[in-house]
Each structure stands twice: as structure tokens, then as C-alpha cells.
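Structures for review follow.
In the two assemblies presented below, subunit A is common to both, partnered first by subunit B and then by subunit C.
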Partner chain A sequence: MVRESTLMWIQYITGLGILVLGALHFASLTLLAPGGYPGALEYATVISRYTDPLWAAALEAFLALLSYHVFNGFRVLLLELNQGSGWTKAVNVTMALAAIAAFLYGTRTILVFHLGGAI
Partner chain B sequence: MSAPASSGSKFPRNMRGVLGGWARVSHANFERWLYLMHRLTGLVVGLYLIAHLAETSDIVPAYLSGDEGIWNNLMQSLYTPEAHAGLLIIAAFAVYHGLNGVRLFLAASGVGVGRPIRPEWPYAPVSLRSFQRSLGWLFIAVTLILTAYAFYELFVVTHFV
Partner chain C sequence: MAASEQKQLEFKVPNLEGVEKPIKNVIFRVSRFDPDRDREPYYRDYEVPVYRFTTVLDGLLYIKYNLDPTLAVRYSCRMGVCGSCAMIVNGRERLACKTNVLSLNSNIVTVRPINNLPLIRDLVTDLRPFFEKHKKVMPYIIRDDIEARQDREFLQSPAELNEYMMLTDCIKCGLCYSACPTTATDALFLGPQALAQAYRYTIDSRDAGAALRFDVVDDPHGVWRCHFAGACSAACPKGVDPAFAIQQLKKLLLYKRNAMKSRKPAPESEKVREGTSVEEVLKSMPKEWPSPPAPK
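On to the complex of A and B.
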């Protein structure tokens, strides 16, 4: 079983990564977008982001870090709602599965552009 | 004194961790408010992530069928002052959570919490008179500046021009 202190250390590290990639994500929607924010949401711009390997890799890394950070954060909040080994185990398992599901669902959106619509 | 046990648990149910704990602010100091806001902003931005993954997945059917309309219709329906007000809150919360997270990371690493001293009157903890508190205010200021920029992008550029 992973120690809580290790999970929290990963929470900090993923948080710092999210800070960098989140700044890039916000910049890609504003400063780095052709035509600013309105232009960032245009179909052609969005497709160009997803099909570019570097942007896609950045999005995928962002998604991986967020999946851990968000659902571990939810886990911490939920564990405080109740006590008991049954509750702890249920929350741990549910949040781990939810994190994996969110990661796979988001990955499908990113990868579909690189696998020729195979998924 | 025994408390009623919750079903299936060998420990007594104790909601004080929430209602008498992090959500109780009647005696909160500055750092405590930052902590409450950190939890609230994290919860809101985390829930938004789930909605955002669902929302952006609409690009997949648009791409596979070659029908741009699927994506454009969704974007058009979200291009409203109400939706942009929601995004402004998300942007502000995300920036706050990220910067305050840096402050917490530094505090956990022992940065800016001051050196221990002999407890002497007026017994104000050194950690509350050190760099950490200034950092809290600095990050609130940066959050407000970046939120103003988000307001410019989400409202001035889109609805006022």
C-alpha cells in the first residue's frame, strides 16, 4: 500500500506540472491563438492543435497530471466525510477507477487524430 | 462517551472533520481562509474538468464524419455571456488554486515559514509573521490581475467589441 505522504508528494509534483501546462493551455486559448480567444475555438484551429504531435503530447501530459491530481484531491475530501476501513477502501478504489476512466476518455479524444480514427 | 456507529464501520461517525473542521470559519485567520478557498476552488475546477472532457470530446464525431457543424454548434451554444461568466470563475479559481498550491508546496518545504524562536510574549507564531503571509497577498494580487485579463478575453473581446 502506498503511503499517504507519498501520495501527497505526488500531489505536489503533479500540481507543479499542471501549473506549467495549465499556463500553456490558457495561453493556447488566448495569446498563442490566431485571432485570440474567438479564433482559438474555431474548428480549423482546434484540429490543428490536436493533429500537431507536440500540442497533442502537451495535452496528453496535462490530462495525465490532472487525472491524478483532481481525483486524489476528491479522495482527500471524501475521506474526511466518514471514518472506517470500509469507507476508506471504497473511496480509494472508486477514485482510482474514476481517475483511470477520465484519463482514458480524454486520451481517446487526443489519440483519435493520430490513429486515423481507429478508436 | 460513545457516539453512534455508522453502519459497517467499527469507528463512530464523525462529521466534525467537515462541519466543525475545514468548512468552519468562525475563528479563521488569513491562512485559514486561503485553505478554505483552496479546497472550494479545487472542488469546482475538478468538477469542471469532467464537464470539459465531455465537452471537448465532441470534436471526435465532427472529425470522423467531416461535419464541422457538430463542433461549431456546440461552440456557438457556449458562446454566451452566461457561459463566459462560468469560464471566468473557472479561470479565476484555477489561477488561485495553482498559485496558492505553490505557496503550500513552499510551506511544506519549509520555505518562508521563519526560524523557530523561544516562545515569548505576545506569542505570535513566527510562521505567521514571515514571508509566507506576504506570498499569500502577492498571489491574491496576481490572481486578480490574471482574472482581469481573462475578463478582457472572455467579455471585452467577445461581447463588447
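On to the complex of A and C.
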């Protein structure tokens, strides 16, 4: 059983990571886009980011941090809204599975675009 | 038996007539609830003459002894020490005995019981969940040799004392517990008072019980559920800062867990304590303190 302090320590670290990678993500789609801000959100420009291995890796890291931070945050909210050992177990398992599912689905999207395909 | 037929109560609120005149009459809007009769609390108004030094508790006792003897209110010391008269006055957590009615600057004083605890009657709540949580964090010095030599004291420097001194002012009134937004939704949350006391004893240089207390507070309903709203510190009538203590406790768990667990507690003084030994006092104490009967 993982200690609550360990879970929350990761929560804080992922929060800081999201701040950095999230800023980078939005910057990559606007100010840092090839050709600058005008036309930054055009399909070809966005796809060019996905095909670049470094940007794709940054996106994947961003996704990993978000998957943990968001679903652990939900877990905390739900445990505060209701109590009971059955509820605690159900929330812990559901949120862990949801985080894994969100991460895998997001990874699939990043990989598909990285390999030049389309969904 | 009708209220008018009841035996006259012996206690009287000091009669200030002739000494000074009441400044004004104030409406006390008091939350009433009789579990045998009412399904939910309701407010009832009483007119109370207010003098310069009338406190909210004085007003409530005026009601109890002059207008409605059925009013239930818990109080004891009347000087902000025992913490019994914690209640919500005009929307804020306050000690009734420390709150001057005129300082509220209102002609209506609304009084209701504190939040987050089961209501027994009128303004009286059941404090047992609050004290159970307090007990859970082991609010006493823990060390292997504490039972061995009861005639000695443990050495502590003024700086070490200052680490937790502010937190010793806690009177366990429950106002912080009432103000805490997390306690409002999470019934298992230890609450600001218990967590602050966990920090107070853990940081005490004479204590070696960090590992035991960390097991209690490092829980899904423990210290991490504090969102640092700060309502506990704002509500405390004694200037204790539980919000600060809770953040410090989080810091201990993250950065000093192992150091605190292996910390050697302060040594014993060489000086033998004079007077009755602690062992003798302990022998004369009852093994279990009598508890009041549980409310229906």
C-alpha cells in the first residue's frame, strides 16, 4: 500500500511539471510554432509538431503527468465527498484504471500522429 | 410540568440595576432543538438588556434564568479558558464568554451551535468525535524511558520550547473543527485541532513518538486533506495557528520522516523531582474516568 504522503508528493511534483510542460505545449502551438503565431493552429503546422520526436516526447511526458495529477486529484475529491472502506477501495481502483486508460488512449493518439497517420 | 410551575432556579445573573443602566435591548436569535420534540432546529427570539460588559454568554444565561429555563447551553469558566461555550455568533465561530455583545455592533445576535458535530440539544453539540480524533494522534510525550523514572524531568532549551509553545494554548473548544471546510464534508478527516496537536508533540524535543504519529496522520483522511483554507487559524480564540502547524507537519512527513523517526529524545535532568512522586499520583488516579451517559 502506497503511503498518502508519497501519492501527494508525486501530486505536487506532477503539478510543477504540468506548469512547465503545459506552458511549453501552449507555446509550441502558438509563439514557438514554425512560422510564428499566424497560422499556428493550421493542421499541417500542428502535425509537424507531432512528427518531431522531441515535441512528441514532451507531449507524452505532459500526458503522463496529467494522467496522474488529474485522476489523483479526482480521487482526493471523491474521498472527501464520501467515506467508507468500500467507497475508498472503489475510488482508488477506478481512478487508477481511468488514469491508465487515459494515458494509453493519449499515447495512441500521439504515436499515430508521430508515425504520420491519422485517426 | 409547565415552565411557570418549575422550581425557581437558585442561580441569578448579577443584577446591575442601580449600578448602571442597560445601553440597549438586543434581540437574541437562538437556535433551539429538542430531540424529543423537534425534527430540525429552529430559531427563537428573546429580548435581552445589554450593559457595557454583557457578553453573549451573559445574554444566554439571562435568557435561561429569566425568560426560558429550557435553553441548553454548555459553559464553565466564563473567561475564555475552558472552551466550553464555543458557538457560532452572527455567523462566526466564537467563544460566547469572550464575545462582548456591543462589539458585534448589531441589534440582532444570532446564536447557533458549532458545525461538523452531532447536535444534542439547542446549543450543545456532542464533542466525542472531536475528542476521539484528538486522542487518536496520541497527544502526550512518547518515549521508552518515560515510565522508568517518574521522579525526573526532561531537559529542554527555551528555543526547543518555542518550537511548539504557541500550540500549547489550544483549549480544545472545537471552533477550528467547526470552521474547517474539509471537516464539513469528510467525517473521517482528523481536523485542525488533532493535526496541530500531532505536530505539537512530534516536534517536542522530549518526544520519540514520531513514527507512531506519522502512521496516524499519513492517511487518506489525515494531514494531506488539509487544503490550507486557514479558517481554523482565523477562528481560534486563543491565537493558535493550526493551519501553520499542519503545513509544518506535511513538511516533516516529506523531508524529515526518517530524521524524526530516529531522533533521540531530550535527556533526563539529574535533579530528582521534589514533592509527591508522579508514581504516587498515578496510583491514586482512577483507571478509567467516568463518562457521561450517551445522548439518546
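Rule of thumb we're sticking to: the second predicted complex is superposed on the first by the 107 of 119 C-alpha atoms of A that agree within 3 Å, B and C clash if a C-alpha of one lies under 4 Å from a C-alpha of the other, contacts with A are read in each partner's own complex, and residues count from 1 in each chain.
Basically, a contact is a pair of C-beta atoms (placed from the backbone, for glycine too) under 8 Å apart; a residue touches a chain by one contact, two chains touch by 3 or more.
Computed from a prediction, not measured in an experiment: that's the story for all the values here.
Asker: Just checking: does A:A27 make contact with subunit B only, subunit C only, both, or neither of them? Give me first, second, both or neither.
Answerer: So A:A27 meets neither subunit B nor subunit C here.
Asker: Let me test your reading of the model: by the given contact rule, A:I18 touches which partner, first (subunit B), second (subunit C), both or neither?
Answerer: The first partner, subunit B, only.
Asker: After the superposition on A, what does A:A57 contact: first (subunit B), second (subunit C), both or neither?
Answerer: After superposing on A, A:A57 lies clear of both subunit B and subunit C.
Asker: Quick check for you: in the superposed arrangement, does A:S5 touch first (subunit B), second (subunit C), both or neither?
Answerer: second
Asker: With both complexes overlaid on chain A, does A:V93 touch subunit B (first), subunit C (second), both or neither?
Answerer: neither
Asker: Check whether subunit B or subunit C contacts more residues of subunit A in the superposed model.
Answerer: B
Asker: Where does A:L81 make contact in the superposed view: on subunit B (first), on subunit C (second), on both, or on neither?
Answerer: both
Asker: Where on subunit A do the contacts with subunit B and the contacts with subunit C coincide?
Answerer: After superposing on chain A, subunit A residues 80-81, 83 contact both subunit B and subunit C.
Asker: Inside the complex, what are the residues of subunit C that reach subunit A?
Answerer: Its residues touching subunit A are 182, 185-189, 218-222, 224-225, 250, 253-254, 257.
Asker: Can you list the subunit A residues touching subunit B in their complex?
Answerer: 12, 15-16, 18-19, 22, 26, 29-30, 36-38, 41, 43, 46-47, 50, 66, 70-71, 73-74, 77, 80-87, 102, 105-106, 108-109, 112-113, 117
Asker: Where on subunit B is subunit A touching in the complex?
Answerer: 6, 8-15, 17-18, 21-22, 39, 42-43, 45-46, 49-50, 53, 56-57, 59-60, 62-64, 68, 71-72, 75, 79, 91, 94, 98, 101-102, 104-105, 108, 149, 153-154, 157-158
Asker: Write out the stretch or stretches of subunit A touching subunit C in their complex.
Answerer: Within the complex, subunit A touches subunit C at residues 3-5, 7-9, 76, 79-81, 83, 88.
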